[in-house]
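Letters A, B and C name the chains as they come in the text, with residue numbers starting at 1 for each one.
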Amino acid sequence: MYSRAYKTIVALPPLLWVGLFLLLPYALMFAHSFWTVRDGFIAHQWNLQNYRTLLANPVYLGVFLRTMRIAASVALCSLLLGYPLAYYLSFHSGARKELLYQLVIVPLWVSYLVRGYAWKTILGSEGVLNGFLRYLHVTTEPVSFLLYSPFAVVLVLTHIYTPFVFLPIYASLEHIPRPLVEASQDLGANPLKTFLRVILPLSMPGFIAGATFAFVLSLGDFLAPLLVGGASGTMIANVVQSLFGAAYDWPLGAAISVCILFITVGLLFATERLEKRWAAK
Amino acid sequence: MEYGEGGPVTPGSANSSAQATAREHPGLLEVRGIVKSFGNREVLKRISLEVVRGEFLTLLGESGSGKTTLLRLIAGFEQPNGGEIWMNGERLDTLPPYRRRVNTVFQNYALFPHLSVRDNVAFGLRVKGGAPSEEITERVNQALRMVKMSEYASTRPSKISGGQQQRVALARALINRPELLLLDEPLSALDANLRKQMQSELKSLQREVGITFLFVTHDQEEAMALSDRIALLRDGALEQIASPREIYSRPATAYTAQFVGQTNLLRCQVQAGCASCGGIAIVPAAGPEGPATFSLRPEAIKCFPEVPSGAPMMKFKATIRQQIYAGATELLEVECAGQYLRVRRTAGAPLSGEQEFSFSPDDAIRVRD
Amino acid sequence: MGCEMKGHAAPTRNPPFLTAYAALVFAFIYLPIAVLILYSFNRDGVGGFPPRHFTADWYRILFADSAIWDAVWNSLQVAAGAVALSLSLGLLAALALDRADFPGKALFRRIVLLPLILPGIITGLSLLMFAVFAGAQLSLFTVFLGHGTALISVATTEIFAGLQKMDRGQEEASLDLGATPWQTFWRITLPNLRLSLIAAGLLIFTLSMDEIAVTFFLIGRDNTLPLEIWGRLRRGITPEINAISTFIFAASVVLIVIWYRIRTRSIGAESSQVLERP
């Protein structure tokens, strides 16, 4: 029904644009990872030096591992918070489901920076939380580990990504036909067994999607560490940022970025495969 | 094969040129050897037929018979893999749909939800430009009056019923005065009563407007009620094309005999002008000798004691197996020497056991398999 | 997906533990924002407890702060441009994905999604390298290009969904009635996509206004709002920032309510419970 002219007109501009403004930049990043810096300039010599550095130098590895740990913690905590919330909304919220759903989504639209900043004001030694604790005479000295630590980063990122994790889990739960739950109870399974044997397995696609999102997005985050991470809460993206800034080693920064990219794409690819296998069962 | 922008646009409806065209080409549309495949499935197998100007022709067939595909080829939404379509002496299949003097009433009506009924109907006139807006308004009002939807002119399609939507779809198509109107199972979404009512409205509309209708349906009763001619399609080929009466009383093939109405198919052996089918004989039996199939309609078989006088009748005895009451008539399932037949008669007293039946040999039609 | 009983919870006793837990999670999500708003009225600063002296001074200072409003204006310009660019390219891409077969179609689909799934820093740096490679000066224009490109797939996904829902017969009917493909596109296809376009536009606008990661590396002399706030944070924290944040929060709420209304209108009442992620 659509002529060749029509199809060309619709396909060509986006293809060209994406090729020029996405494919090419990513390719440039990739290329840079194989170059080096010499005398303050980027030398276009192809080599694997950057990757060797990353593997050999324990500093980089250390930050990588810390980043993975933080990302995993964020994913875990977001799941612990987001799943029960989604479950409650889907199965027990009755008439207020619509309203509660909107309430969960609202924070998603509020600026990341605003939310991170809010925690900064809460967690500091002069912050709201410390003031609150002192007001209640629970402590006399300010609790210092709250801010400028990996704990703070995990806290902030969990806060940011819990609604993100909530969404696909909620969608999965809503897709479960209620008669299945009723059938399970009819056959003698109590709520816990019904949950473990029926609801949880059926909500796996959303579960996996949510966890992956939280992990992947936390992995490359550089804002939360800058806001609340301090020296001990630096993540790998901050290293990249400084390599493109003061430390001026674009090729090395590109190499790290390529690693992050591969981990991200690899993870998403793996979970996609998993979901397909799950759906086929 | 993509259509290009070639092919002359058929001229407008200046009366004298239309008459001249009609004289030259009584056949409005000619389908010549059309082949259409989807992937490696051949949906239309070198099908040819002619549509006569002013007639109500129905494409009848099961799903998968290719009738909708043929319609879409004529409308221009598909391209044939082989063959040609001609209209009024000019090539049609090389034209894009918006250049063809053909309009379609779609199965789900495809009314534009963001436009009112009036704007829907006016659409075809507005996009082609040319006509002044007073003329458009007048023609739209006329079209709405014709389908009795004037009071809904400002309503949106989502607010009117299925039957009403169908009328709007009709008006929207007819207002463009096409040479040929295609209707793709337009009544299938309506309930039974509404359907009957719309059938008769459609028929009188066609007579009144005089436009050639090409109608697609799988419902053979509907086809017989509406059509001047029926084209029965089977697996992408034309099985038979004839008037409803002829298709019913003189089916060409066993398939036709069974698809249009009910029938009994008798497998017989013909020899010396006489066909013998188990316990039943048919004399005289025309045609070559050897195995043959005869179609005998259930209402043609008479049940003793209703033996009409006059013409020589074939008689046979059969045992009554079932008597299915249907109000005005009843259907008897009888068995004669291992063969099962159906007999339709006006409802009467319960029967059982062996009875004598008779039929006129003229009613036994020899059919191809 | 054929079960009509989907989404209607069987009546169960309300488990108290779960309800309390859910309430706690809600509190966790909203507490920081509540604190933020509260302390925007606090005379003595962003910390400590309890806030003692109520004042609206910080808002007055905010109104007079021209640097902030310049940044807001910059952000609005960039966001408007990003919406225009993403919607146009996204519309074409959605049409292409829906109707055309071309070499590299699967690859295209993946690449266009990358900016959304990769950490923003990677896209930002890649675009920076490209800008340097092309010899471009960093400015609001480069930011606009970055946002517009990164957000194409938001538009594409939304519009593609709208296309799938559209009754194909309408375009056929339009052609059948004599409209050319061009006329059909303007009179039939676009009006049917209206809701998808608006929803996508709202989302792109919001994401652009809040964008930090990509913007960080493409910004020139003129700041967008998030980066202006960011700069302030380095210099010192005052409740003025709380005031700005409160404003941003209020604006976000308005936007999300509008977006939600549009979404539910386009999907229809019965299935409005199951929505994809925004």
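The working rule: contacts are C-beta pairs under 8 Å (C-beta built on N, C-alpha and C of every residue); 3 or more make two chains touch, one makes a residue touch a chain.
Since the model is a prediction, treat every value here as computed from it, not as a measurement.
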| item | value |
| --- | --- |
| Contact-richer chain pair (by C-beta pairs counted) among A-C and B-C | A-C |
| Chain whose Cα mean lies nearest the overall Cα mean | C |
| Distance from chain B to chain A - Cα centre to Cα centre, in angstrom | 61 |
| Distance from the mean Cα position of chain C to that of chain A, given in whole angstrom | 17 |
| Chain centre separation (chain B, chain C; CA means) in Å | 54 |
| Residues of chain A touching at least two other chains | 1, 3 |
| Interface hub residues of chain B, defined as touching at least two other chains | 77, 96 |
| Shared-contact residues (touching 2 or more other chains) in chain C | 172, 175, 181 |
| Residues on chain B engaged by chain C in the complex (per definition of touch) | 75-77, 96-99, 102-104, 106-114, 123-124, 127-128, 172-173, 176 |
| Chain C contact footprint on chain A (complex, rising order) | 1-3, 6-7, 9-11, 13-15, 17-18, 21-26, 28-29, 32, 81-82, 84-85, 87-94, 97-98, 101-115, 117-122, 124, 126-128, 130-132, 134-135, 159, 162-164, 167-168, 171, 174-179, 181-182, 191, 216-217, 219-223, 227, 237, 240-241, 244, 250, 253-254, 257, 260-261, 264-265, 268 |
| Chain A contact footprint on chain C (complex, rising order) | 1, 3, 5-10, 12, 14-15, 18-19, 21-22, 25-26, 28-30, 32-33, 35-36, 39, 45-50, 89-90, 92-93, 95-96, 99-100, 102, 104, 108, 111-112, 114-115, 117-123, 125-130, 133, 145, 149, 152, 171-172, 175, 181, 206, 209-210, 212-213, 217, 226, 229-230, 233, 237, 241-242, 245, 248-249, 252-253, 255-257, 260, 272-278 |
| Partner chain B, residues of chain C touching it in the complex | 167, 169-170, 172-181, 183, 187-188, 191-192, 194 |
